[in-house]
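Each chain carries a letter (A, B, C and D) given by its place in the written order, and its residues are counted from 1.
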């Protein structure tokens, strides 16, 4: 039996599918099972910076129905603003961490659930250390690059949207005998590109973990054609860099071009090297806002319930995690310390190579 | 009672959803009802240029099952190559129309069904006039800019894909308080942008038929914010030009930039004028290759049946068309002569304005 | 320039996709353009029967974002309760029409927009005649059986869901060499079955407008098999009756069976007559609650704007309608008087027959 | 380096999403990497019973493009006919196992990949023991009830289709204040119901592993209403039995009723016990034939590659399996011996209870 608590919940960093399902699960467990109070902090830690603190009370009446089926987060989020070095808008930064801690105390919170990625967790952990915040983290990122968990909320949906795009590009590629290049998200890791490329029938998948050469890509496409197939599908992670070793967006901003991404660069190089008619699609933010897949909602629900249970048991500074068909929890410091990029000996890399997919190397 | 005929069918110009449903309907009517033979010419008129002519025999056994549910065209298509001025690859062109006519005769065709847009119809009509080809046209274009028909095959699906993108962008826009710009297809006319923008809840829709000012767009976005809503959706037709009156892609090729489209341009201008965090998505070829909507398959099926009936009745040089819940046919020359852009007094423009959507003017 | 008005809006009868898009359009036009007040009456006319009248004020802040993208109606609806003969629960009925009229007056409404089908319109028209209500109707019904309009809100989505089901049944039918029977909605008319059957590649479509014989259906299925295809798809409208001329559900309730519908009956007869392995799917309420298609949202938006304009112009007792790519309006009494079932010489019936689809006759 | 081999592949038992992706992966690995020959046996083991054996040669040219994106199996399948006790159609059975073994030898196969469930594996294992077939199994079943693997091909898609149905039923439930009952597949285990119910926001989930009482279900629904929510969602596994302990379909066939399933039974009981307007949807075969989800295609691809690798390494009588984000293999006898129903202390059961979902107990 636990005493009645008041807990806060916030979403932080880039949004993704499944955040609302996490929020719903937390409310069902905390309010429905334990009879606690749940306050939803607005816009990540931004809500704590305002006075009065910006929040909404969450109870069963406002989390059921359509909400869990929807992308985005009803609480709002942001990827701006480390409170320890908060950008003041005039080029300077300021340590506003005490304001966050003050906001937490103003609400009289017993604990805080932060739904975020490694960046958010690092900040929340620092706040917890400095101000005594009792915090539990729930991992979300479409990039799936968080260590210590098999999967994070949002990844499965993002992969599904990318695969659907490949399903749509394939018939038009075949009708016009084209090479279709699809640039997908993934800030530093190639997980989305790798999974979507395998599931979507790609011939080439470029991920930042594997250096590529245009020659190698061109050879694969020529080989596809030689086998009698008149089209090819290429998936490129946005984290892939140009042959000169620079990220395209940076290059473009530093030089003459300001628009476009690595997909355009790769598409142009393929066209030059193979003579193939090439078209590029940059999938963009539809990967984030899509309705969450069943699996993302399942993982989100399990995470939300377990995070509340951790608070009930007085376990803090931990991140819930998925492992072997179930939910566990790990020290959040370990999760922050382990970045998860694509392992070159992983099952999916082997599967990709086994299918004859070129990784550009 | 009609004598046994041998007819050809080809798809021409950019592919779209519903082409396979047309082909299936033609085969069911011609083979199933009339007992004719149907030859599917490969890659538009390109198949006629080769010797032997490239084609596949189509009968009931290869058009049922999954085929009609799929985007693209099983026959292949191309938007290269006016046979009256065929690009020879060395910069010169050559009149190869006699080869097309010869191909048609080689196969002993009694008639030809061409599924295409106004450009394809103009060529087919010239071929018919010159060589005595008996031709019937079936209108397809995602742009819906063909005159004399309420709708062309492919439009409904393209709109649906664009609306789905807006459905996905809305939650992420709201979560991050962003302005989301979606660039949709539409070579010269704004039909996709207008329909998708209304159905997808856009605040601003830019179409080539309505001149815009950045000030006007910025005012609308400020007004949305003033009303308490923290996000906005903007749909831009690819046919919209920059404020300088130039198409973006041309501008970029002529200058320093080669990538990106009008969506990027508009997004940048909105960000500058409003200070809003702005993100741009260029939807691209997923609008073409998506599985056809129910409506596109219905229209495709009705068109295919009617086109075969026209041949049975000996009526040629006509285009089938949709009018008032049914299929009619019109002289193909009239269809070619009437380009259909967005009428400023149309029901949808009035609806857009009635909903408070800014058209940028 | 119109004076500031206060108008009511209600949804009545069975729900369908697109109702929220209508509500949104009405609010945007009435509040956004004209500066009126819009009150959403709860649960159709039921809200008017309670004191105080049950309603919610609708303004721009609660109709944007996700709402238009969602099935159902935020106002609630019901298909119980003709107020002129209201079922009192004890087997008796009572005329409660004065209470409705009283509710309308209590709110001080200048006009009322009723979104409904012919049943709802008949009641609203009687109320208008009796009590001086100023009423405009907006047609919605997945059955598309309302006269005087080419299409009603909800039909396109319902057809799309049924076609998607056929797209899913086809591969499993082919894998197992089965006949798949799909029972779709349509209380009295066969529009959904006919459209979905054509677009979904059905071999047999049974609609209440065409009498069928099991022999004829069995012959078609044998013919499909003889042609080498190992599966068949059959679409049955729920309004089709048994060979004995009775609706299945009634038969079942009067006899020993209480569950199941005409689809089960037809499936059993086909299995008996052909020996084919047969499976039946009754699609049910997923046809209503699905997110609205782009087209349903377009039509809904155009209808909502035009209905408000009618009120601004002082035109009442009219129904908005779709005709020839635009919105018109007609006397609501005419719409009530014209029931629209499937015309046997319509383009879609001709298309179905042209494709070789058996209508069971 | 392996010698050139000739291997067979067959799909057996009920079809599901992802089978074609397995076939494609096997062909890519066996033909593309190893240069072997792959023969696809038609209709499970049925193809081996015919003379000549019914098969098609599979190479890279016929497995790419649309095929992997499609439900069903291009090879056909069946769940009729244990060859050791083959039903002869006259009520008797016959041991035809030698014919299967003879078929295998006729083709000169070096190995056989069987894609199936536990029933198929038991038969294939007996055939291997008796006739020296070299066999590798790939697990597929929408029911996910195969032991020794975290997941089988087809499960993720089936869950996704069921969740989508709940997403569609929720708005219509709320609009009409209804209880919606959804019956989902799952022959003996409740995995689909449990996963779909959690992800789809169900209030009640009935699975065969947990005995239920109507009183308990009714209490949950009354409690939902008391909390102010006007609708409820109930998911019922088809494997659930009536309160009398009998499966509904059997009951109905033995008694007066022949149609309907447990969903209808539960719906009626809920309506009786709560007075709620209740509607039942029986989802049926759309759960099988849907296009495979990204995850099902990933797992299918990984399984296909690994199965071929097992053959290359000379390891037989094993089943590939998913474990901890990767592919392993286990003795097929162990897989057959371990039936996997829902564990009552599993993470998902805890999650369901944590969300306040009633399991009817």
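Rule of thumb we're sticking to: contacts are C-beta pairs under 8 Å (C-beta built on N, C-alpha and C of every residue); 3 or more make two chains touch, one makes a residue touch a chain.
Here is each chain with its UniProt name: A, B, C, D = ATP-dependent 6-phosphofructokinase.
Given the structure is predicted, the values throughout are model-derived calculations rather than measurements.
Enquirer: Thinking of A-D, which of A-B, B-D or B-C forms a repeat of its interface, with over half the contact pairs identical?
Expert: Copy of the A-D interface among the listed pairs: B-C.
Enquirer: Could you let me know which interface, C-D or A-C, is made of more C-beta pairs in contact?
Expert: Most contacts of the two pairs: C-D.
Enquirer: Return the chain whose centre of C-alpha atoms lies at maximal distance from the corresponding centre of subunit B.
Expert: Measuring from the centre of subunit B, the most distant chain centre belongs to D.
Enquirer: With centres defined as the mean C-alpha position, give me the subunit A-subunit C separation in Å.
Expert: 40
Enquirer: Quick check: how many Å separate the C-alpha centres of subunit B and subunit C?
Expert: 30
Enquirer: Please work out the Cα centroid separation of subunit C and subunit D, and write it as a whole number of Å.
Expert: A distance of 35 Å separates the two centres.
Enquirer: Mind pulling the subunit B residues that touch 2 or more other chains?
Expert: 66, 70, 167, 170-171, 174, 291
Enquirer: In graph terms, with chains as vertices and touches as edges, which category applies: line, ring, star, complete, or other?
Expert: Per interface graph, the chains form a complete graph.
Enquirer: In the complex formed with subunit C, which residues of subunit D make contact?
Expert: 11, 14-15, 19, 70-73, 76-79, 161, 165, 167-177, 180, 230, 252, 256-260, 264, 268, 279-286, 288-291
Enquirer: What residues on subunit D touch subunit B, complex-wise?
Expert: Residue list for subunit D touching subunit B: 66, 70.
Enquirer: Where on subunit B is subunit C touching in the complex?
Expert: Touch list, subunit B to subunit C: 21, 24-25, 28-29, 32-33, 60-61, 64-66, 68-69, 150, 156, 159-160, 162-163, 167, 170-171, 174, 195-196, 198-201, 227-229, 231, 291, 293-295, 297-298, 301-302, 305-306, 308-309, 323-327, 346-348, 350-351, 354-356.
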